[in-house]
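Lettered A, B, C and D in written order, each chain numbered from 1.
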Amino acid sequence: MQGSVWQKLQSIDRRILYALLLVVIIVPLFLPIRLPTVTMPSTQRLYDAIESIPPNGFIIISSTWSGGTRAENMPQTIAILRHAMQRRLRVAVFSFDVQGTQLSLDIAKRLAQEYGYEYGKDWVHWGFRPQAEVVMKSMVRDIPGTFDKDYDGKPTKDMPVMQGIRDIKDVHAIVEIAASGIYASWIGLVVGVNPDLKFGFCPTSVMVPETYPYLASGQIVGTMEGMRGAAEYESLLRKPGLASVGMGSISLAHVLIMLLIVIGNIGYFASRGRRS
Amino acid sequence: MLEPLVRFFAPKPLSVIPYYVAGAVVFSILVVILLINLPARARKPLIAIVTFLAGLFYATEFFWPIDEATNKNFLTDYLVSASKLGSLLAGMTLTLGILSLLRVHGRNVVRLRSGWYNSLALLTAMVAMVIFGFMDKYSDNATAKRVFNVLFEGMLINMDATMFSLIAFYIVSASYRAFRIRSIEATILMTAAFLVMLAQVPVGLALTSWIPRDGVWDFLRLEVIKEWLLTVLNAAALRAIAFGLGIGSLAISLRIWLSLERGAYFEKEI
Amino acid sequence: MEQLWQDFLSRPGIYIGGICTLALMSLIYRENAVYRFFEHIFIGLAAGFSIVALVKNILDPFLYRPVFEKGEWYWTFVFMFGLLFYFIHSRKYNWLSRLPIGFLMGFSAGQTFQIFANTYLPQLSDSFRPLYVTTPDGAVDIARGVNNLIFMIVLVTVMSYFFFSFEQKSRAIRNSAQFGRWVMMVAFGAIFGTTIMARMALLFDRMYYIFGDWLRLVR
Amino acid sequence: MQHAFEKIWPVLIVEVLTAIIIIWRIISAQRGKELFIRRIPGLNAIDEAIGRATEMGRPVLMVPGIGGFGIIALQALSIFSYIARSTAKFGNRILMPVADPTVYTVAEEVIRDAYQAEGHPERFEPDSIRFLSDRQFAFASGVAGLIQREKIASSFMFGEFFAESLIFAETGNMVGAIQVAGTTQTTQIPFFIAACDYTIIGDEYYAASAYISRNPTMLGSLVGQDFGKLMVASLCVLGSIAATLVALNVPVLGDAGKWLVDLFTIR
């Protein structure tokens, strides 16, 4: 056995690696760690856009995600709803995904209680809407007609929250929280028609690179880049939540991987140097 | 001339449907009997014709001139039916897959092979899901709906999520093992991954966050480097790969469509 | 104990989901009897779900309802045609299964023309990038010009790596292909780096499910 | 774009011309022209990997991805048919878990044919090709379990792979298998590179069956594809020059450049 230290460093048993990963993911759940937060410009821009909506403005939040991307999309949904409710905006939530409908409804109900939002007066949930592009095309011209019923099948026509909302021009902002490329349809069918509309997008982290060109052109006003974006948003709101906890875990996991790469290379170099 | 044919295939009143269906079944069986007696040398050309015609539908629909006003040609209205037809045909093979599962695991159980109880668990889970899945859809039984919920949300969705999350472990062991400065290529791979990893998390970003934004040295900020890597280098490289893949898929499609493809399945005598 | 049982009854899905999670996760230690058992249950459930989905999403809306509710009787022919698949296990008439298989192949091949045009032609025209760029106020934007030049060089060199029959003939192509391969490694490294975040988020979600949703040890 | 005539010129110039060149090269290759093709190291490794499985007496795993039935799966099956001919010859056990029922149906036929072609139909076990699940991660759990239980000696992964690629590649690595992989899903290539011994990239995947079989028809097609790629690459350079001329406002040439850029701009 050439069991030199260097040799060992470049062949750590994978179970040790896995145990270390579990530790760095679990520990921050119980002992939240404070890490420096750097707010990305894209997050700041989304925050500023929501800040610039006049009081009692109308914001639509589309929550097109399912349980599979809960870790990233749930904190984003919470953060954006929280911000809207802090600012006392009128909120409409809906979803192009069956699971996303239930998940966003649960979140919105909980936050509505926290902020004293009254259903039908301050906020509404339009429920599940299949066929995204059809919905988008029709909401540009007629919002009460497109969303004539809420998630429970009740008519929305007489709800105070919908008063004065006829078409897309009466909407101040739309924020899409999605695990798919649905932003392209929003840009093509809705934002393109009404350039004054602020369109925010909250993608999962794997989708972030796709959004850069649209951010640069201003077609997307701002984004929350995955869980990190949500954590930045939470700190802008001064309400650290699940994303801040999660970013602790995830940051440590990244640090762990980078450390392991360095250790492996040190071992590789040192043992190679000896052989020659 | 086409008129009677179109009328023949038009939807029929529900009262006579059973007769039409029975007629279609009998006719199809006759055709199959005819096919069985087809001389062997006519088989390949027949398959080639079927393949060609199937492809011809989509090709013609795409290339045929369109009416400017409606953005359609004479085939466009059949696209929906065609995609239903494709799903229906492909769906019918599921039974073959399920039969494979039943065959392998049924035999394990019957012959009490080692691990037969796993096979039994598989079959039980399958039957349970089928029963409660249909009850959930077609009945109002509240208990059945609760059981289905446990099977679907409680088990299936969580098991999906767990297998997916295992990748987190594998990504650690793979990067630890593979990212070594062994060769130029491995070094490049590692450096790019390392830079992007740093730019993904606040701890890494903090390293360069003191560099003023919009200043001369702005391009040294990690998030700027990452964005440049992804939007310029990555986008260009992936696009080049995609062009090659596109042309490759075009070539294979042509070969299959025109029955020019070679290789085991396509060359065998039938 | 009684309390635990009551808690289980009030949310059985979460308990069973937690057990499933732990069982499958044990794979990272090593393949074991518990994993094997749950793996089989997983495949069984998935198969059952596919059967239900086949009936619910395909046979019912595309076959049964058109024929028996709308009177579109001709779908019967499609069904009969699909039955030819089942000749695949016949020794003598096995070739009949090649008819529906060939049909599906043709279908898939025929769609390539549209898919190609939609996927690659917009990317082609998007690659026509000027090497001389001005900002809206008229100044020369050197950074973007350089980026566009780099974009073009990368695009062409990477493509040259995929020339299969020209390579031997030209040293220039060989060098360019080598460079193209290196750039691809940068791209692959970057993809690797960006993906880690999403996977770690999934693992975090699982841990939150166990310690938060199930055991309620964290808020 | 739903129809070619919405923007006919780029379709004609790029797509139709490439198609014509490919068919023309195929036909001229069938007339017996000697053709050249560069080395694809990953594909040369196939024999090495099978040889090792023979030495160790452990099974060979083939996974045709989780995509549906189509040209990508068919290409995977032609590679596997080549592998199956070797395993038929040397008598290795094979394992082929499949995720799509149509692919499963065709795969059984292809592999049985390969055994027949080698003159060993009796060595073919129908159960070696198994439909596992058409659900992504149920399939992944099954394959991961299979790899560890059977302690496979070599693993071939060709087809459409998504996130599960790393699950297969790492579990394969754990049991010490030689692994060769290729996929059309470029975002999964980095994970294969990290965990496999050989990875073929991009449209090397579509070149694979030609490379392995050295069949003139397919080699001809490959040469035709090269011409297509050369044309696209040249167009990119030409288009950039044209766009630059437009930006510089060069008289006459700028107009010509604008004409070229407009010719290809969609929407």
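FYI, a residue touches a chain if its C-beta (ideal position, glycine included) is under 8 Å from a C-beta of that chain, and two chains touch if they have at least 3 such contacts.
A quick note: this is a predicted structure, and the numbers were derived from the prediction, not measured.
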{"item": "Inter-chain pair with the most contacting C-beta pairs", "value": "B-C"}
{"item": "Identity of the most central chain, Cα criterion", "value": "C"}
{"item": "Maximum centroid distance from chain D, chain identifier (CA atoms)", "value": "A"}
{"item": "Length of the line joining the C-alpha centres of chain C and chain D, rounded to whole Å", "value": "15"}
{"item": "Distance from chain B to chain A - Cα centre to Cα centre, in angstrom", "value": "27"}
{"item": "Centroid distance [mean C-alpha coordinates] between chain D and chain A, Å", "value": "35"}
{"item": "For chain A, residues contacting two or more additional chains", "value": "14, 18, 21, 25, 205, 209, 228, 250, 253-254, 257"}
{"item": "Numbers and ranges of chain B residues touching at least 2 other chains", "value": "62-63, 90, 93-96, 98, 101, 156-157, 159-161, 163-164, 166-169, 171, 173, 175, 177, 179, 189-190, 193-194, 197, 200-201, 230, 234-235, 238, 241-244, 249-250, 252-254, 256"}
{"item": "For chain C, residues that touch 2 or more chains besides their own", "value": "24, 27-28, 36, 39, 42-43, 45-47, 49-50, 85, 88, 94, 104-105, 108-109, 112-114, 116-117, 120, 124, 127, 152, 155-156, 159, 162, 184, 188-189, 191-192, 194-197, 200, 202-203, 205"}
{"item": "Every chain pair meeting the contact rule", "value": "A-B, A-C, B-C, B-D, C-D"}
{"item": "Residue ranges of chain D touching chain C (in the complex, touch as defined)", "value": "1-2, 4, 7, 10-11, 14-15, 35-38, 69-71, 74, 102, 105-106, 108-109, 132-135, 137-139, 141-142, 144-145, 148-149, 187, 189-191, 193-194, 201-204, 207, 222-223, 225-226, 229-230, 232-233, 235-237, 239-244, 246-248, 260-261, 264-267"}
{"item": "List of chain C residues in touch with chain A within their complex", "value": "28-29, 194-198, 200-205, 207-208, 211-212, 217-218"}
{"item": "Contacting residues of chain C [partner chain B, same complex]", "value": "12-14, 16-18, 20-21, 24-25, 27-28, 36-52, 54-56, 58-59, 62-63, 67-86, 88, 93-96, 98-100, 102-117, 119-120, 123-124, 127, 147, 150-152, 154-159, 162, 180-197, 199-200, 202-203, 205-206, 209"}
{"item": "Partner chain B, residues of chain A touching it in the complex", "value": "10, 12, 14, 17-18, 21, 25, 35-38, 40-41, 67-68, 205, 209, 212-213, 228, 231, 247, 250-251, 253-258, 260-261, 264-265, 268-269"}
{"item": "Contact footprint of chain D on chain C as seen in their complex", "value": "24, 27, 30-31, 35-36, 39, 42-43, 45-47, 49-50, 85, 88, 94, 97, 101, 104-105, 108-109, 112-114, 116-118, 120-122, 124-125, 127-134, 148, 152, 155-156, 159-160, 162-168, 184, 188-189, 191-192, 195"}
